[in-house]
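Data first, discussion second: the structure below is written as structure tokens.
Chain nomenclature is as follows: A, B, C and D, assigned in order of appearance, with residue numbering initiated at 1 for each chain independently.
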Amino acid sequence: MSEEIVDRALRIPIRIHFGDTDPYGVVYFASYFKYCHHGIEAFLRHYGLPPHQYFRNPERGFGLPVVEATCQFLKPVRYGDELWLDVKVKDVKSKSITFEFSFYERENLQLVARGYVVIVAIDRSWKACELPQELRKIVEDMTP
Amino acid sequence: MSEEIVDRALRIPIRIHFGDTDPYGVVYFASYFKYCHHGIEAFLRHYGLPPHQYFRNPERGFGLPVVEATCQFLKPVRYGDELWLDVKVKDVKSKSITFEFSFYERENLQLVARGYVVIVAIDRSWKACELPQELRKIVEDMTP
Amino acid sequence: MSEEIVDRALRIPIRIHFGDTDPYGVVYFASYFKYCHHGIEAFLRHYGLPPHQYFRNPERGFGLPVVEATCQFLKPVRYGDELWLDVKVKDVKSKSITFEFSFYERENLQLVARGYVVIVAIDRSWKACELPQELRKIVEDMTP
Amino acid sequence: MSEEIVDRALRIPIRIHFGDTDPYGVVYFASYFKYCHHGIEAFLRHYGLPPHQYFRNPERGFGLPVVEATCQFLKPVRYGDELWLDVKVKDVKSKSITFEFSFYERENLQLVARGYVVIVAIDRSWKACELPQELRKIVEDMTP
């Protein structure tokens, strides 16, 4: 149940909680975007980068806001179901990273949702800037 | 559907959203505490105090964190149901306010939940301090 | 502060709540998808269709799950900011509707985020089916 | 980082996520109640009882809704902080269980919040009924 690297992806377990579903017990589409963010946090931690020092770093004067997010929902998932989330680096540019997210049923590894999230490095004035060096190196190593 | 003062309470409409229920379509108990907070925000706005300048005010050096919250859930409420929330000032001390929250079905005014939230004024070092004067005056006027 | 039709869009007010932001006070990207869903609910209500009878209707044997969602975040929005959300029908097919969402700062009508959500009509076995007639008529009338 | 039994309590790690804090980066009081629910879920799983078959069980005709919840917040916790949550059985009656929740900073084991949640067994008509036998046995064994 712990995380591991599978095919250049970080695979983490996702648990469906109360408050994550719609009133019919099916995972609410907005919850997948929270799981994607959990995936980025797990990715950063996996490589020794504490998320609370990377999403916003006042000392070094950078932040990493999300500028675009998209997801397709292929199959309903319900409270009690258990998922794997594979977090991959799809693309790296000098100032941005595109993460790819694939959600699988743990039981049969069937794909249930797939999405993308783009984060951009910004400076103190919210202008786009170069990614922090150590982060850039890590994500470039993970790019296919 | 807009707010009004009824018997020294501010009555506001509460709408149940996706993500507010448990997987069976019944409002998740944790959601009531969010509604209570919405109630305090509506209360502040009703008296001309912008919530974002009261929950934390760096210029004047105070904050109003919640230090205690309790709620009883008397009757299941479902997605599609519509509620009134009555926000009352139950008690005022020099450094704290106790709000009382009563949730009613709009259809028949049946009580479905009741709770309390205590907020305390703190200074820059998170020590309890006197409530802001203008807030104290308002809540004292609303005390039974 | 109430909703109105503006240029074939339903314009509704969006209030930023505690729990909607990231730890830095900026609206968390996942929250925009919740607001989009609130927008679809407001759209249904505006045309006399109760959301809790449309997202899932066991009697008539249909549901309207979200199959795709995407959003771009152009400008940070903070707790205390007030937004308009314009909900438009971008595209209607026999079994699906694409809604378009534009978020504006209320103060200056500057666009801060834009997104799309696709919902599909399904039958009891989660197979795609024709949209309910009355819904189809409404969204076709709103298509540009 | 995994769970363990400590002094008749189930100790689980709690991670603060985006969306769990207020706009100032301090954990929003309503989030603690979500963590309490996660604690009950972890407790059930620890004893081999799948939560999705216990909070509502249509086959056996029972449910376990929350009827009361209370929490005191002693110290601000921030995004990036790591907590332990100790889940204890405080009291068992024939139809209800009172769980006690103690939140500690992982770093120094300082208590930051403490709460209680009461769940009641109900039958198909939402009338209080006897707790499921196997659950009753487990919680009685955990009572101090």
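Going forward, contacts are C-beta pairs under 8 Å (C-beta built on N, C-alpha and C of every residue); 3 or more make two chains touch, one makes a residue touch a chain.
These numbers come from a predicted model, not from an experiment.
*Asks:* Count the C-beta pairs in contact for C-D and for A-C, then report the pair with the higher count.
*Replies:* A-C
*Asks:* Specify the chain most distant from chain B by Cα centroid.
*Replies:* Of all the other chains, the one whose centre lies farthest from chain B is A.
*Asks:* With centres defined as the mean C-alpha position, give me the chain C-chain D separation in Å.
*Replies:* Centres of chain C and chain D (C-alpha means) sit 34 Å apart.
*Asks:* Distance-wise, how many Å sit between the C-alpha centres of chain A and chain C, to the nearest whole number?
*Replies:* Taking the average C-alpha coordinate of chain A and of chain C, the gap between them is 24 Å.
*Asks:* Return the residues of chain D touching two or more other chains; collapse runs of consecutive numbers into ranges.
*Replies:* Residues 18-19, 22-24, 28, 30, 34, 37, 52, 55, 78-80.
*Asks:* List the residues on chain A that touch chain D in their complex, please.
*Replies:* 17-19, 34, 37-38, 41, 50-53, 55, 78-80
*Asks:* Give every residue of chain B touching chain D within the complex, in rising order.
*Replies:* Against chain D, the touching part of chain B is residues 22-24, 26, 28-30, 33-34, 37, 52, 55-56, 63, 65-74, 76, 117, 126.
*Asks:* Which stretch or stretches of chain B touch chain A in the complex?
*Replies:* Touch residues, chain B against chain A: 18-25, 28, 30-31, 78-79.
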